[in-house]
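Handing you a structure now.
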Amino acid sequence: MATVNIQNIQKNYGAVKVIHGIDIDIADGEFVALVGPSGCGKSTLLRMIAGLEEVTGGAIRIGPREVSHLPARDRDIAMVFQNYALYPHMTVADNMGFALKLKKADPAEIRTKVQRAAGILGLEKLLDRYPRQLSGGQRQRVAMGRAIVRDPQVFLFDEPLSNLDAKLRVQMRGEIKTMHQRIGTTTIYVTHDQVEAMTMADKIVVLHDGHIEQIGAPLELYDRPSNLFVAGFIGSPAMNFIDGRIEEGAFRTKKGLILPLPQGVAAAGGRDLVYGVRPEHIRAATHGIEGRATLVEGTGSEIYAKLDARGEEIACLFRERLDVRFGDTVSIDIDPARIHLFDKQTGLRL
Amino acid sequence: MASVSIDNPIDETTERRSKPARLAPNYWPFVMPALLVVSAVIVFPWLFTLWMSVNSWTLGQPRTFIGFANYLRLAQDMRFWESLWHTTTYTVLSVVLPLFFGTLAALVFDAKFPLRGFLRGIFVMPMMATPVAVALVWTMMFHPQLGVLNYLLSLVGIGPQEWIYNQTAVIPSLVLVETWQWTPLVMLIVLGGLAAVPREPYESAEIDGATAWQKFRYLTVPMIAPFLMIAVIIRSIDAIKSFDIIYAMTQGGPGTASETINIYLYNTAFAYYDIGYGSAMAVVFFLIIIALSFVLLMVRARANWSDMEER
Amino acid sequence: MTRPLITHRTLDRIGLLFVALVMISPVILFFLWMISLSLKYEIDNGAYPPIIIPENIAWSNYVKVFEENNFLLYFWNSVLVTGTATLLALVIGVPAGFGIARLKAEKSAVVIMIARMTPGLSFLIPLFLLFQWTNLIGTLWPQIIIHLVVTVPIVVWIMIGYFETTPKELEEAASIDGATTWQVFRLVALPIAKPGIVVSFILALIFSWNNFVFGIVLANRETRTLPVAVYNMLSFEQVSWGPLAAAALIVTLPVLLLTMFAQKQIVAGLTAGAVKGG
């Protein structure tokens, strides 16, 4: 186990800059999620940490060691790939013990370690099978087992759940988290799915176009997104963004919709702003802002509705079972303490 | 180690330049042995042939540099032009006929019927059989008096033929053997093409009311066109170089009636030991093949409906 | 409702089977006639109308081939030349296929394509001279070396195709697991490419075994391979059909047996090689 320290890492492919100087500090035993839309550079960053991709500039340290230019095999890391990358010609046990075999470890020791990892993951009965005989979830577990057996300094995960169906994904999410809690190895986890990042990580790094948008604990990102990108990326369904200005102590859109503000923000008056409110922070009320329902989707546990309020579209998530139909007029109330204001120009939180 | 400052960009670049791309695995050691062998047995002969082609050199006699005289001699050599004509006829026929029968066979073997795998296995055997052995047995079958082919013809009322022993029949007879041997290759290539053809267009054509012929004409043919082109290219290159069958059956005879460039080249270099002239011929022959392949590749580029060839 | 459909389909299938039988009839007739010729005495072979199954089977034709023509030596020569050339080609060609695929240097494979387009004779002239100068003529080495012209391109070509399709993640996983590049090749890439190695092995074997043109130039009485030996029987002896057909059958039988047993691999290899070979 070790800390990971990433300093001013850059990556160019020819003239194309993919990563523009990134700094991340990861504490010993921490579970860090790198999250962002596809093409944001998160996989490239992970592959540079793994040693599969050369860094163009900057330094990577694992523990006290600088590893920026070490080949992958000398970095003492383990990685779980998106498509698992199990060796098709080896049994589950051989797959898991491969790294130790390369280190010329004692066969008996390999067997014990493989057994122990198989125990953690419930793979005891599958040790003699070949990867092709396993289901998707089992392959996923073997890939994790291969990482565990190594007992490396750092675990790297590259979108490990994206090949699984929705139900299995939720289950494996739990298993990875449990595994991390049991073993406590420093983990870097790449995903494009913010729900995965939110549920599993101690710390989330939001990447966008090769830049870090924000680093923070999941709830910090949810409660205080530092810019429009993070605000829109974290949280599902996505936050409502409404353009307007502060005038006379209230937020007013061009079309004349007035939205409530918390105390003490009047200072931001006079420039273009974006008003952000999460759908789940909007409540139905007997009177308040009125809007016509243009979309109503009920899942049983909640109702997702889009309202047209004076030409502004507002998405709401109601926990109570309202009788709302398409075209109905609904009154809503926004909790001013839970709204976010951003500068329209810079995109930064006020 | 940890105390070394790496914030200085100048440090980084100099360090990187001194040890470039250390992470990328070094694959050159894997390629080197083959590279050596290929240069020794493939590239060296090319260069050596080029050099010899500008020399007058008969084995056992001194060598003299004569520039392009060998090439000029070739341009005036009637026997060469004749052999070029033989090569052309032989190649065209040996492409067209296997292409026709091979496509037909592929369409049959693409369908499902009992014993398909077994019969396809038998069908493929000619192309694997040793050409010399094949040529030998065909020679016996072509025998004007005792050959089984004339007997078979007599059964359907056709008089005896002279086959490879006749000036005009010899090339078609050789093409018959070539077709017999290489139709399976075309079949395999087209079969591969048919396997790559998606099912959905057929289903939608069926719904649109297409007849079996229309489906073949408007769906199958355009979709296997790239594979037909591949078959044409491979067949052309192989047919133009054909040696074993011709040499073993006729050695270019009777007279020089079946002497292709390849046979003439062999005779020049290894019967008359006229190494310089033979080398010039080899160079010209090689250029003809390259030109042919180039033209065919250009045609193919237009026949492609998918990008399966491109990486 | 369903019954007529089934009969219709059955009819279709029987029809196709019939068409297929017609199509392979030239193949079957040829090989039957080859066997028939090889098992008949001279009188039966010269009979008109031809006899297909003779009353007296002439096994002696086969005995004659071996007794009178040094055929065991030539068979052994063929085994040595083909075997060595194929094994050498695997030893250098399989790693090369791996390296080229990973270096993404497919363009370098153009050399191999051009080698396939070059007439064998244009390799022969310079190498023939080279072997004369180096005094290798009279040994099997000239033939082994020149057969590499046939076997190496086949192996490299097929292996490039195989290594390109094996997922790169496996090799990355292995390097993270601590494998050196050589170990990645040896322990991961190679075992996965086993089917490709088998295919290229079989094809190289067949095309090397069948090769004729190199032998007629480079071989002498002691170093002949089988195809050359058979050809020489045709030209030098008072042609006697029975032993000649027997000899032809002996030459090609190993290849035909291999074709039958490894049909699937051969078809796969030829199709892949052909499709890429364009």
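Should a chain be cited, it is by its letter among A, B and C, assigned in written order, with residues numbered from 1 in that chain.
We take it that a residue touches a chain if its C-beta (ideal position, glycine included) is under 8 Å from a C-beta of that chain, and two chains touch if they have at least 3 such contacts.
Keep in mind it's a predicted model, so treat the numbers as computed, not measured.
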Chain contact graph: line, ring, star, complete or other?
complete
The pair out of A-B and A-C sharing more C-beta contacts is A-C
What whole-number Å value describes the gap between the mean CA coordinates of chain B and chain C?
15
Suppose each chain is reduced to the average of its Cα coordinates; what separation in Å results between chain A and chain C?
56
Each of the following residues of chain A touches two or more other chains, namely 51-52, 71-72
Residues in chain C with touches to at least two other chains are numbered 175
Residue ranges of chain B touching at least 2 other chains are 25
Residue positions on chain A within touch of chain B in the complex are 7-8, 51-54, 57-59, 61, 64-66, 68-69, 71-72
Touching residues (chain side chain A, partner chain C) in the complex:
50-52, 71-73, 75, 77-79, 81-83, 85, 87-89, 98-99, 102-103, 146, 150
Per the touch rule above, chain B residues touching chain C in the complex are 25-31, 33-35, 37-38, 41-46, 48-49, 52, 101, 104-105, 108-109, 111-117, 119-126, 128-134, 136-141, 145-146, 148, 151, 180, 185, 188-189, 191-192, 227, 229-231, 233-234, 237, 241, 243-244, 247-248, 262, 265-266, 269-270, 275, 278-279, 282-283, 285-286, 289-290, 293, 297, 300, 308-309, 311
Quick one: in the complex, what on chain B touches chain A?
1-2, 4, 6-7, 9, 12-13, 15, 19, 21-25
Residue numbers on chain C that touch chain B, as the complex places them:
12-14, 16-17, 19-21, 23-24, 26-28, 30-31, 33-34, 37, 45-46, 48-50, 91-93, 95-96, 98-100, 102-103, 105-106, 111-112, 114-130, 145-146, 148-149, 152, 156, 164, 175, 181, 184-185, 206, 209-210, 212-213, 216-217, 226-228, 230-231, 234, 241, 244-245, 247-249, 251-252, 255-256, 258-260, 263, 266-267, 270-271, 274-275, 277-278
